[in-house]
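Just below is one structure, and these are the notes that go with it.
As written, the chains take the letters A, B, C, D, E and F, and residue 1 is the first residue of each chain.
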Amino acid sequence: MDQWSLTGLGMGTVFIALIGLALVVSLFPVFFRKPEKKRVDPAPLPELNSRSAPAVSSAVGPELVAVIAAAVAASSGMAPGSFCIASVAPAQSGGGFNTPVWGHVDRLSRPANHR
Amino acid sequence: MWESINSFLLSTGFMNLTGGQLLMLAVSCVLLYLGIFRKYEPLLLVPIAFGMLLTNLPLSGITDGPIGNQPGGLVYYLYQGVKLGIYPPLIFLGVGAMTDFGPLIANPKSLLLGAAAQFGIFIPFVIATYIGFDLRAAASIGIIGGADGPTAIFLTSRLKPELLGPIAIAAYSYMALVPIIQPPIMRALTTKKERAVDMGGIRQVSKTEKVVFPILVTILCGLLLPAAVPLIGALMLGNLFRETGVTDRLSDTAQHALINILTIFLGVSVGSTASAERFLNPETLKIIALGLFAFASGTAMGVIFGKIMYWVTGGKVNPLIGSAGVSAVPMAARVSQVVCQKENPGNYLLMHAMGPNVAGVIGSAIAAGVLLSVLG
Amino acid sequence: MWESINSFLLSTGFMNLTGGQLLMLAVSCVLLYLGIFRKYEPLLLVPIAFGMLLTNLPLSGITDGPIGNQPGGLVYYLYQGVKLGIYPPLIFLGVGAMTDFGPLIANPKSLLLGAAAQFGIFIPFVIATYIGFDLRAAASIGIIGGADGPTAIFLTSRLKPELLGPIAIAAYSYMALVPIIQPPIMRALTTKKERAVDMGGIRQVSKTEKVVFPILVTILCGLLLPAAVPLIGALMLGNLFRETGVTDRLSDTAQHALINILTIFLGVSVGSTASAERFLNPETLKIIALGLFAFASGTAMGVIFGKIMYWVTGGKVNPLIGSAGVSAVPMAARVSQVVCQKENPGNYLLMHAMGPNVAGVIGSAIAAGVLLSVLG
Amino acid sequence: MDQWSLTGLGMGTVFIALIGLALVVSLFPVFFRKPEKKRVDPAPLPELNSRSAPAVSSAVGPELVAVIAAAVAASSGMAPGSFCIASVAPAQSGGGFNTPVWGHVDRLSRPANHR
Amino acid sequence: MWESINSFLLSTGFMNLTGGQLLMLAVSCVLLYLGIFRKYEPLLLVPIAFGMLLTNLPLSGITDGPIGNQPGGLVYYLYQGVKLGIYPPLIFLGVGAMTDFGPLIANPKSLLLGAAAQFGIFIPFVIATYIGFDLRAAASIGIIGGADGPTAIFLTSRLKPELLGPIAIAAYSYMALVPIIQPPIMRALTTKKERAVDMGGIRQVSKTEKVVFPILVTILCGLLLPAAVPLIGALMLGNLFRETGVTDRLSDTAQHALINILTIFLGVSVGSTASAERFLNPETLKIIALGLFAFASGTAMGVIFGKIMYWVTGGKVNPLIGSAGVSAVPMAARVSQVVCQKENPGNYLLMHAMGPNVAGVIGSAIAAGVLLSVLG
Amino acid sequence: MDQWSLTGLGMGTVFIALIGLALVVSLFPVFFRKPEKKRVDPAPLPELNSRSAPAVSSAVGPELVAVIAAAVAASSGMAPGSFCIASVAPAQSGGGFNTPVWGHVDRLSRPANHR
């Protein structure tokens, strides 16, 4: 490929890519309308002794399984219902514990140290 | 020129994307969603899912090895730290520097519960051998029940590296789901009275005890099970840095810069093993299912041993702390606390549950050592 | 004994220093001066210049490879991360974690200006081919116009590693000189009225948009141009760490410990390629000259496209934001702001210029991907 | 080894190891009785101009030598006294300087900068 | 099954522990005790002692190299950075970023005292050759007298890696013992009047001088002694990062994340060379003894040169600053201060002693360079 | 080389190197006289909206080119004027922007986040 074709290809690709991105990004306001008022506090830590904060919706459990099952089914041509895991019972209590493990170890262990 | 443009077009990913890869891109977006918006262990799931995404972009070559003079792809090099078993122990160094073994030292009985919960490794292991997995694959699946990411990745990278993707995803996802998976099992196996047991305060542990503990664990476990030395040794060295009071610089770096750098490298390169060919097959579903079963059986066996200790001690041990033995530090301990407080709101069980919780980390590293020394 | 002292004396650097090396020591001292006292991108120029200095001390062997049992020199090992293409993407991870794509998302038209400025890569590329450079060298020279250190080093290390020294020095020096190179060109190409256009405020961008953006860019660019995946993927992963709100640990490490460590290693080892034999020849001067031309042409084409947008939108776009498309984040955007405020002191153009500015980073990574996939 | 033996071996080892640990740890209170009141301040830095803080006991010197000498002697069958280093004189002044070198460089060099 | 349990039992460390290994476990526990509770250079002694402990747990394989497809042990990989000479210079980068050469620049005569103390390297070197060590071993033993961990490890890893364990332990232990080893020697060699000399204040050093100094040292030492470039160059680059005022990011990372990570890796892998077979022999005792002698003779020669300067300057130089030339920064300088204040409580000698102290670091790096270039 | 020659060579080199350094450093006060009053603030950031701070002298541009050109010319025997780049016009406005790129990205992007 000579220098001119390469230039054409290069600038062509750059423009196609960035115009494509521009088009997609310009649709963002349609899909993600309301800007949130403030950034969500990273990993809000529930009060250890409180009973509040059932932040995780009760439907959270089966999502992962459902998605991967659907993906495998779609890919392998299995009937989607032929392999079934339905037993991740939506815990009524739940608990909003889903925060990064190491961060927590850290925070948890400190009070233990200072007792 | 048109033909070169044509050949260029044929070399784009759009022209080479398989259906499987498209599906995997979707799966990684869902995992990113779960990690970011549902906060499923985001520190690991975000890099893992992003690694999955990258590896399923066709022709990028980022996981290819070097060919002749041509260097390999970025992720190929990052993956070497997984393949050679370097990242998981060094991540354990940081985990050790973050872990307080005080509650365990205060209450050594905890260690029994941390042992019992390791049935959550071996029960699914046996089942997996019966549904068609070979021993090495079954061991890698069973280790999901250890509820310990670095241990699971260390063992799987040695025994069955082609299963790294689904096993790491299952391990971290279920760790995030511990507050949903465990409570029903815990309630089903215990009575209201058992769940309400108040275990009182825990004794204060001196600095000397905290310093001696990691050294002793390394020597005893290392002598009993040489294959566990990389994991246990690194965990305990990190903990020693934490407890000496004169190595705070090292402890600080182990639990920040070092663990974070390696977590990024580990996550991306583990995720990159989940290419469409490898990931999209019924085995993956079986792994996901067995992984759930692993967490459930570990929880159950922990609680059952807790009940045994309840009886033996005449009601002094709350069996709910048994479920914390699966590790998943510190979530499993918090679940014990929450379930207990449902019955007895003033009961502060957390510190008692932290004992089995950290014991579970040691327990599953030992289990991994046994599997590695026999099958590795 | 006298003969061994004699042989020792003959092995000192003083006895083996060539005129070229002496000259290069002087050049590296001047670069250190520019970096330290004139603040030309000191974070890169200081390590690069120090690497030049070290490599031109005769007989130190720090860039020699291993021979038999004898290990190689320190810089030989540090250089592997450049040679294998590992450092630049990981540095981009940190750059991504430091970059706010908000202004770009708020104003997607910016992306066009970031594309236009990439003529600053291809115009000098074409010229270089006509003054005697082969295609691979010409591409490496052109990429200076991308105004992006890691991209330039990544591409050059794959296409023409022997030019790394002058190309990296030119790229970082001209980035530092952007406030001097750009304004005359910007004023020459625009009218007073155009320069005074007030573009108003920019819309607020939600967290969701900021999270979706890096994932989307990775998928779209990765599918269009697989060769750009290491750079774009790493940049976007870093940005994702920044924006999720739940991976702050990883973002923090990517933009501090990790990027700083790799910047030291990259700078020293890139500088070490500038030995006297390689650096002191007329090619180097041509590269320095073409590099300046690259920055100038990128600036000019960005402004010209800005004028086109000014006309198309009926005067709503200030053409001065076009020059920011060359990258050199955030200096080029600040130059737009300053030149604009000369005409209209109350006009706060900075955020509008940040859009093309960060778009230019994506644009030159894509251009590098095309050059790499065709010539690599 | 089949899956059942491996399970037996695995759970057996886990229990032996952790029960063993539990036994040893339960002896801790016998050996390390009094918990310290507060964690010792990491690397307490003596006042540069003060004369206090002879924190290092005068017996500190020969410890390392003694231990290694004993180890070598035990291992090689040498008579323990046949190789002797007794000259690490217990300095009367001493000085509590035994703190991490790099940390100190850091602390020391700062005042020098700001003079 | 019984026979497999039996074979498993036979594979535990308990069944394979030799007496020597048991002894070494005890020795590493004593070293841990000295590091943690007696604060003997804990940042290095704790990792070194833990590495010793790990390497003496039988059958763990953590120091084994790869065999066929089987990856090597964790410490095998960590050790590569010692073997290839990568860690010590990079640790020196951090040491340079922590070192203030101001007192040395203010008082260039200090450099002479830093030179004199290097007799502490060569006197034990000569003696070692007469008591049966070969030249390479003797040089590695002599370098203990440099009182500089990274230099000692760098030289020994190139000349006599099998002695790394005892040499590193001796070097760091005696550095910690400097306040006990030096004062009697200092008092024995000086009069009351000499010890009381007040040297006044030191002149203020400008930023320019502090920036020029590391560049100049690199060029002059590098030209005189090419083999010293890795150590001196890295030390001076780190110091340059510290002094420019525009590379604080790099200086900060060099003296925290980078040096801490490498200290952990270096310590554990250096300690791991101290296996029972290698460590438990009379040579080790001789090394420990010669190491003590090295510190003593370096101290003595430094003080004697201090006395010469006292006479030459007509009593303006306090000979006690000579002992600080052994390095062991900053403890040796503090010892000078304390011994001086015994005679003259109001005398603030510390800054004057810091000059020879940091000069000693440069001096022993040069001595190591000579030994390396002749014997390496 | 025997141990004694090596010792002579070693101590000789150490003394030559450090005496040489001492001589050079003792000339520092001649070349770099006045110590600055205070350390210069690292990378002083100009007020974004101000017009002040033309910190970069107008001669800054051609320095790099001049130096490298001179070096190449000296090395290759070209007449120094035979290759010429004089077009780096000394911008009157200029602007003191020469600060580390990444540091800036960081600082700049924060206000954008919080708008």
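Keep in mind that, in the parts below, contacts are C-beta pairs under 8 Å (C-beta built on N, C-alpha and C of every residue); 3 or more make two chains touch, one makes a residue touch a chain.
Nothing here was measured: the structure is a model prediction, and the numbers come from that model.
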item	value
Partner chains shared by chain B and chain F (touch criterion as defined above)	C, E
Classification of the chain C:chain E interface as same or different, half of numbers criterion	different
Identified repeat of the A-C interface (over half of residue pairs identical), from C-F, E-F or D-E	E-F
Centroid-based (C-alpha) most distant chain relative to chain B	F
Pair of chains joined by more contacts [C-beta pairs], D-E or E-F	D-E
Approximate Å spacing (C-alpha centroids) for the pair chain A, chain E	50
Interchain centroid distance [CA atoms averaged], chain B/chain D, Å	32
Length of the line joining the C-alpha centres of chain A and chain B, rounded to whole Å	19
Sequence positions of chain A contacting 2 or more other chains	1, 9, 13, 39, 43, 99-100, 102-103, 113
Residues of chain C whose C-beta touches two or more other chains	8, 39, 42-43, 204, 224-225, 245-246, 249, 256-257, 374
Which pairs of chains touch, using the document's own definition	A-B, A-C, B-C, B-D, B-E, C-E, C-F, D-E, E-F
Of all residues in chain E, those that touch chain D in their complex	1, 4-5, 8, 19-20, 23-24, 26-27, 30-31, 34, 38-43, 94-95, 98-100, 102-103, 169, 173, 175-181, 183-184, 204, 255, 259, 276, 280-282, 284-285, 288-289, 292, 328-331, 333-335, 337-339, 341-342, 345, 348, 350-351, 354
Parts of chain C lying in touch with chain E, wherever the complex brings them together	8, 11-14, 17, 25, 29, 32, 35-36, 39, 42-43, 46-47, 50, 53-54, 57-62, 66, 71-74, 77-78, 256-257, 260-261, 263-264, 268
Chain C to chain B touching residues, read off their complex	83-86, 89-90, 93, 158, 211, 215, 218-219, 222-227, 229-230, 233-234, 237, 240-241, 244-247, 249-250, 252-254, 256-258, 373-374
Interfacial residue positions of chain B with respect to chain D in the complex	104-105, 108-112, 114-115, 118-119, 121-122, 125-126, 129, 135, 138-139, 203-209, 212-213, 216-217, 220-221, 224-225, 245-246, 248-249, 359, 362-363, 366-367, 369-371, 374-375
Interface residues, chain F side, partner chain C - complex	1, 5, 8-9, 12-13, 43, 48-49, 51, 56, 60-61, 63-65, 67-69, 71-72, 74-76, 78, 83, 85, 87-91, 93-106, 108-110, 112-113, 115
